[in-house]
Amino acid sequence: MGRPRLRDLGITVGQLPPGPLNAITDVAGVRVGHATVIHDTPSVARTGVTAIWPGGDDSWERAVFAGYHSFNGNGEMTGTIWIEEQGLLASPFCITNTHAVGVVRDALVAYAVEHKVPMEWHLPVTAETYDGWLSDAESFPVTPAHAFAALDAAASGPVAEGNVGGGTGMICHAFKGGIGTASRVVKTAGETFTVGALVQANYGDRALFRVDGVPVGREIGPDVVPHHRDLATPGGSIIVILATDAPLLPIQCKRLARRATTGLAWVGGIGSNGSGDIFLAFATGNRVARGVKIAAVRMIAPDQITPLFQAAAEATEEAILNAVVAAETMTGFKGHSVHALPHDRLCAAMRKYGRLK
Amino acid sequence: MGRPRLRDLGITVGQLPPGPLNAITDVAGVRVGHATVIHDTPSVARTGVTAIWPGGDDSWERAVFAGYHSFNGNGEMTGTIWIEEQGLLASPFCITNTHAVGVVRDALVAYAVEHKVPMEWHLPVTAETYDGWLSDAESFPVTPAHAFAALDAAASGPVAEGNVGGGTGMICHAFKGGIGTASRVVKTAGETFTVGALVQANYGDRALFRVDGVPVGREIGPDVVPHHRDLATPGGSIIVILATDAPLLPIQCKRLARRATTGLAWVGGIGSNGSGDIFLAFATGNRVARGVKIAAVRMIAPDQITPLFQAAAEATEEAILNAVVAAETMTGFKGHSVHALPHDRLCAAMRKYGRLK
Amino acid sequence: MGRPRLRDLGITVGQLPPGPLNAITDVAGVRVGHATVIHDTPSVARTGVTAIWPGGDDSWERAVFAGYHSFNGNGEMTGTIWIEEQGLLASPFCITNTHAVGVVRDALVAYAVEHKVPMEWHLPVTAETYDGWLSDAESFPVTPAHAFAALDAAASGPVAEGNVGGGTGMICHAFKGGIGTASRVVKTAGETFTVGALVQANYGDRALFRVDGVPVGREIGPDVVPHHRDLATPGGSIIVILATDAPLLPIQCKRLARRATTGLAWVGGIGSNGSGDIFLAFATGNRVARGVKIAAVRMIAPDQITPLFQAAAEATEEAILNAVVAAETMTGFKGHSVHALPHDRLCAAMRKYGRLK
Amino acid sequence: MGRPRLRDLGITVGQLPPGPLNAITDVAGVRVGHATVIHDTPSVARTGVTAIWPGGDDSWERAVFAGYHSFNGNGEMTGTIWIEEQGLLASPFCITNTHAVGVVRDALVAYAVEHKVPMEWHLPVTAETYDGWLSDAESFPVTPAHAFAALDAAASGPVAEGNVGGGTGMICHAFKGGIGTASRVVKTAGETFTVGALVQANYGDRALFRVDGVPVGREIGPDVVPHHRDLATPGGSIIVILATDAPLLPIQCKRLARRATTGLAWVGGIGSNGSGDIFLAFATGNRVARGVKIAAVRMIAPDQITPLFQAAAEATEEAILNAVVAAETMTGFKGHSVHALPHDRLCAAMRKYGRLK
C-alpha cells in the first residue's frame, strides 16, 4: 500500500466523515482477504480472489441480513436468488474474475465442508468482473486454493487496494482499476452507525470520469494517457459490497444496495450495456443465530434511514476513486498495458476547477 | 349469511384446522366492512366497496409489515410501490370495482384527513376487480360516501360473503362470485399462529374449476348451468388479502403473498392474461409505532415458516370456494344474469368422485 | 415561458446534442398538456395536472412499449402492475399532486369512456408528487375537469416549464421546482434516435444540488436564499417520464427507466426515504395495434443500446435543471414562500468553478 | 426407458393435447442430454448433469428470448441476473446437483472456449437441486467431463426420464424423483404452438402429492411405502425448464415461467422454505443473431397468450408426474433407500376416486 489514497492527495469527496480506516472494515466484524494471482507461465494471469467475511468467525453461525440490487445485469453474483428470498447471508463470500465464478463458488462449499459447517447444502455468493484484457481468462488460472487463501487471509484492519485480489487485472474508466474501499460514519436514530463500501471496479468510459464533479476524464484525454483499447461498446463491470452495523431489515438492505447507483453515477458510471453493475448490502446490526426459532431483531425506522443512504452513496463513490488512485500501471496478456491514473494530472485537474489549492 | 359455507355442505378442503370463524377476522385486530351498492336507477349498479383494517383502531398509528405479489398483473392495487419499498402498511384499505379505484383511493386520503391522522401525505391501498358485466361500471356508481361507509362498518367477527361489498357484481369460474374468507391455525416455532384470507373472486374458466381436486366445473357444464357469456378471452381477476398474527418481516410477507398462487391454482386459476391476480399479505405479529426511531421486532426463522405457507394456500383455496358457495344468482346491467353454483350439483359431483358420503 | 432555460444561461450539461426543442416532444407523436390550478379561495391551491400522450391521436389504438423503475418508492404511480406484466402503455397518462391521484386516475377512465375507446376496462397511469407546502392539498382542489383540460391541451411543440401543470406547487433542492424537460439525439445501430425526458421535480436537499458537477447548492446557502422550511427528514419526490423513438422492447424500456437514476444522481438526488422517485419509460419505435394477433416489432440489439442510456441520464439531468431554472418564486398555503434559484447566483457559481467564462 | 410413463398407465392430466413425443423436444431445435454419475467408490455418487440446448447447433449464434421466475428461492440458477436484464439466452445450459453448480458452470465456459464461440465472456446458466441423501455430495463427484458429456450427448427425440442426468439422485414427494418431461400443443393467434417442460423434481411432502386432483400421497402412506427420512422441515427443490416455439418477448417468457407455479401446485408443491423452486422459460419463436444491430421479431398479442399459460401449467404438471412414474427405487449414500411410486398403487388410487376404469 505504498500508493496514496484519494484523501492523501488532498482530495475529499462527500460531506460525511469517514471511519478510522476509511474502509469497509470500519464495520466491526467485517474481514477482507485477497489472493493475488500474477504469473506469466504457463499462462499470463493477472487475476485473483477477494474474500469477505460479513460477521467475523461466526459468519456461518449467526447470519446477517442482506439484499442486493442489479443496476445493470451483464454480470454474475451467485447466491442472490436465495438472498432475495430470505434476506439472510450466512457465510463468507468472494469476488473474482468472470470465468472463475464456478471454481470459487464451489470452493466456498468445500471450505464450509472442511470447516464442518453443520448445514446440509450451501448456496454461496460469488461475484465477478471480467479481466480478460490483462489476464488470459480462458486459461482458467484461479484454483480452489486461491479461494481458500483469500478466505484464510481475511482480516480486520486496513484493506489493500488497487491491483490486488479479485481486482488485480481490472480497468476503470480506461485507467487501471481494481479493489477500493471507503466508509462513512453517520448519526441517526439516536445512535452512531458506520457504512462501508468495497468495490471491484472494472467499468466505465474515460470521458465520463469525474472526481467530486470535476471532469477529470475529459481533462486527461487519450493524448495524455492512452486508452488501453479501442472500444466501440465498452464492457467491464463493477461489484459493490456495502456493509453497515445499522439494524437494517432485509428490505432495507436492498434499499441500501440500490444507493450504490448514486455513488457510481457521481464517478461516471451509467450502467453501460456490457457492464455487470451488481451491488450487495449486508447489515450486521442484527445477527440471526442458526437454530433460533423466533429471532428478536431491531429495525431502524424508515424516516431515520436517509443518512445511511447518503453514506452508502458517498462510500461507494470514494471506494471507486480509491481503487483508481491505488492501482498501478500493469502489463499483461498479449502485452496489453493499462495505465494508472497519474496523480499529478488528477491534482492539476482538481486545481483547475477550484477544488484544490 | 343465510347461504351455507363450504363446510356447511360437508366439504372440507386442506389439511390444517380453521380458526373459530374460519375467516380473516380470526387474526386479532383485523376488521372487515362492506358497502354494497345495488340500484337500477339512475344506472344499474351491482358493485360496492370492502374495507379492511389490518390492525384495529390504531391501524394508522402502529403499522404492520406487508408485502405483495402479482401473479398476473392485469389489475390495479395502488400503494404497492410504497409497500415494496418500505414493507409497511399503516392504514385501512379497500377493494372495489376497477373504475372506482380512484374515488375510493382518494376517499381513503379524505378519511384520514377527517380523522386527523398526523401524516403529511397518504399513499393508500385500493385494489379492484371488474364488474362491468353485471354493473354499469361506466356510470361510476361508487362515491366517497360508500368508501366511508365500508370503513365505518368494519368490524371483527363473522364476515359476510358472496354478493357483498366490492364483491357484489363479481363472477368466478362462470358462476356467481364475490367475497369469501377462510382461515387456518398452525403451530410452528413453538407458538400458535393464524393465517386468514379474504378474496374478491372474479376470475376463471368453468372447465378448470375444482373442489378438493374434483373437476366440478366439468361436471356442471353449460348445459346444466349456462355460462353468463361467450368469452374467447375471459377476463376477470382475483384480489387475495392474507393476514397473519405471526411475526413476519416484510420480506416474509411477500413470500406469504406469493403462496396465494398455490391456493388459486388448486381451485383452477391459471393467471389468464385478462386477469389481475394480485395478492397482499400483512402480518400483525409486529406493530411499528409511528415516531419510534428503532423498533424492536420479532422474526420467525425461515425454517419454521412452511406451515404458514401451507396455511396461506389452504385459506386462499377455501376463501374462493366460500365466495362461490355464498354467492347467489344475480341479474343486472343489460339484463345479464350470472348463476350461482348449485349446491346440490356440487355435492353430487363430490360424491361421484368419492369425497362425500 | 419568459424565463430562460438552462442553456439560455450559457450552461450546458452532458455530452450529447439535444433535439430541436430540447424537450420530450422532440420524440415524434409525444404531446404534453398542462392544467394549472392556482386560486386563493375557497382554498389556497397551487397545483395542477400534466398530461402526456405517448403516441399522438392513436395512443389508445396503437400501444407503445413501456417499463418503469422505482428508485425510491415513497410515491404512487398507478397502472404500473399492468405495465410490469405486459410491457404495454395504451393510453394518455397524467402527473398531479399526491392527493389527486384518484380523481385524475378515474378521470382518465371517464375520458376514455367519453371518447368511446373500445376497451372494457382501463388501468390508467397517474403519478404524483406532494405539493402540500404551497397548496392546501387536503382541500382536494383538483377535479376531473382539470384532468380533461390537461388532456385536451396536450400538444406537440415546446413544453411550458416551471410552475405549471402538476409541477405548479413543487419544490426542488429547496428552490422552487416544477416541470422540466430536455432531450438528446444519438446515433446508434445505424440510425438516429431521440430520447426525451419530462420531470415533475419536487425532491432534494439544497446541500446536494449540483450543476454539471459544480456544488451550486453549497454555494447558494440559506443565508443567500432562505430554505422554505426547517426539515429534519426532507420529503418530496420526482417523477421522470422518458420517451424515445428507438425500437425498444418492454424489457429495454425498463432498463432505460432505470437510467433516470443516473441523471437524478448527477443533480444531487439520493433517493431520500421520503421521496417517491419513480421513472416511466416508453418507446414509440414500435406500435402495437389493438386486435393484431401477432405483431411484427423491432428490437435494438443490447450492444447498441448504451448511447440511449447515456441520453436518458443526460436528458433527465437537464430536465431537472430546466425545471429549477424555469420555476419562479411562489407564495401559497399558509403564506409559505419558496424561492426561485437566482440565475445570477447560479452563473456566478459556475464561473467560480471554471464552467462559465 | 423400460418404465412406463404416466399416460402408459392410462392416466391423463390436463385438457390440452401433448406433442408427438410428449417431451420438451417437441419444440423444434431443443436438445437434451444426460450424463449419469453412479459409482460406489471412491465415494458413493448418485448424481449427474442434464444439458439443454435451446436452439440446436446455433444456440450460441442465434439467441432465444428467455425469462425466469423464482417461486421459492432456496436454490441456485446462475446466469439469471443477465437474463433478467437482457432477456436473451445464448448458450446451452445445465442442471446438476447443488454442490456441482460451480464446476458445471465453469465447464460451460470452457466448452464455449473450446468450441471457439466468439464472445469475450460468458455468463452461463446452471441450476441445481440437492441430492445429498442418496449421493455423497460433499465428495464432489461431478467433473467438467460430465458436463461436456451431457452437452455432447444432447439430442432431439425422446428424453430419458427418472434416475438420469441431474435427476439421478433426486426425491419427489417422498418417492424417488428425477427428470421428467411433457409437452402441450395449442392453437392461438391463428397458429399452432408447442410448449414443452422438463423438470428436475426433488421437492415435496408425501401428504400433498396429487395426481389429477386425487390425493395419491395420502392413499399411499408411509405404512405402504416408507418415507426415506423423518423430516421436520423437508427440503428439496424443483427446477422447471419451459420451452416454446411461440413468438414470445422476454417479458412474456417471464410470464410463462411464472405459470410453472400452477402446474407445481396441481401436483402438490407449495414452495416449502427449503425448496428452490426456480423456473426458466425460453421461446424459440424469435432468434436474435449475434451482430445484428436491429432485429426484426414477432410478438404474440397478450390477449392470445392464455392458452400458452395453460399449456405451461399442464406440461409442468405432467413432467413432474412423468419423473415420479419413471424413477426407480434407488439405494445410495449411507445405505439410504428411496422407493419408487408403485404403479399398481397409483392406479388403485385413481380407480378409487373415479379416474380410471
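A few comments on the model shown:
Should a chain be cited, it is by its letter among A, B, C and D, assigned in written order, with residues numbered from 1 in that chain.
Please note the rule applied: a residue touches a chain if its C-beta (ideal position, glycine included) is under 8 Å from a C-beta of that chain, and two chains touch if they have at least 3 such contacts.
Here the structure is a predicted model, which is why all the values come from computation and not from measurement.
Here the chain-to-chain distance from chain A to chain C, counted in touching steps, is 1. Note: the chain lying farthest from chain C is D, by mean C-alpha position. Interface repeat of A-C: among A-B, C-D or B-D, the matching pair is B-D, sharing over half of the residue-numbered contact pairs.
Chain centres here are Cα averages; for chain C and chain D they lie 44 Å apart. As a whole-number value, the distance joining the C-alpha centres of chain A and chain D reads 35 Å. Of all residues in chain A, those that touch two or more other chains are 72, 85-86, 255, 302, 304.
Taken chain by chain, the contacts link every pair, so each chain touches all the others. Those residues of chain B whose C-beta lies close enough to touch chain C in the complex are 70, 72-82, 84-86, 98-107, 109-110, 113, 120-123, 126, 130, 132, 137-138, 140, 235, 276, 278. Of all the residues in chain B, the ones that touch chain A in their complex are 85-88, 189-191, 247, 249-251, 255, 288, 292-302, 304. Residues 15, 71-72, 207-208, 210, 212-215, 233-234, 255, 258-259, 261-262, 265-266, 269-274, 302-306, 309-310, 313, 352-355 of chain C touch chain A in their complex.
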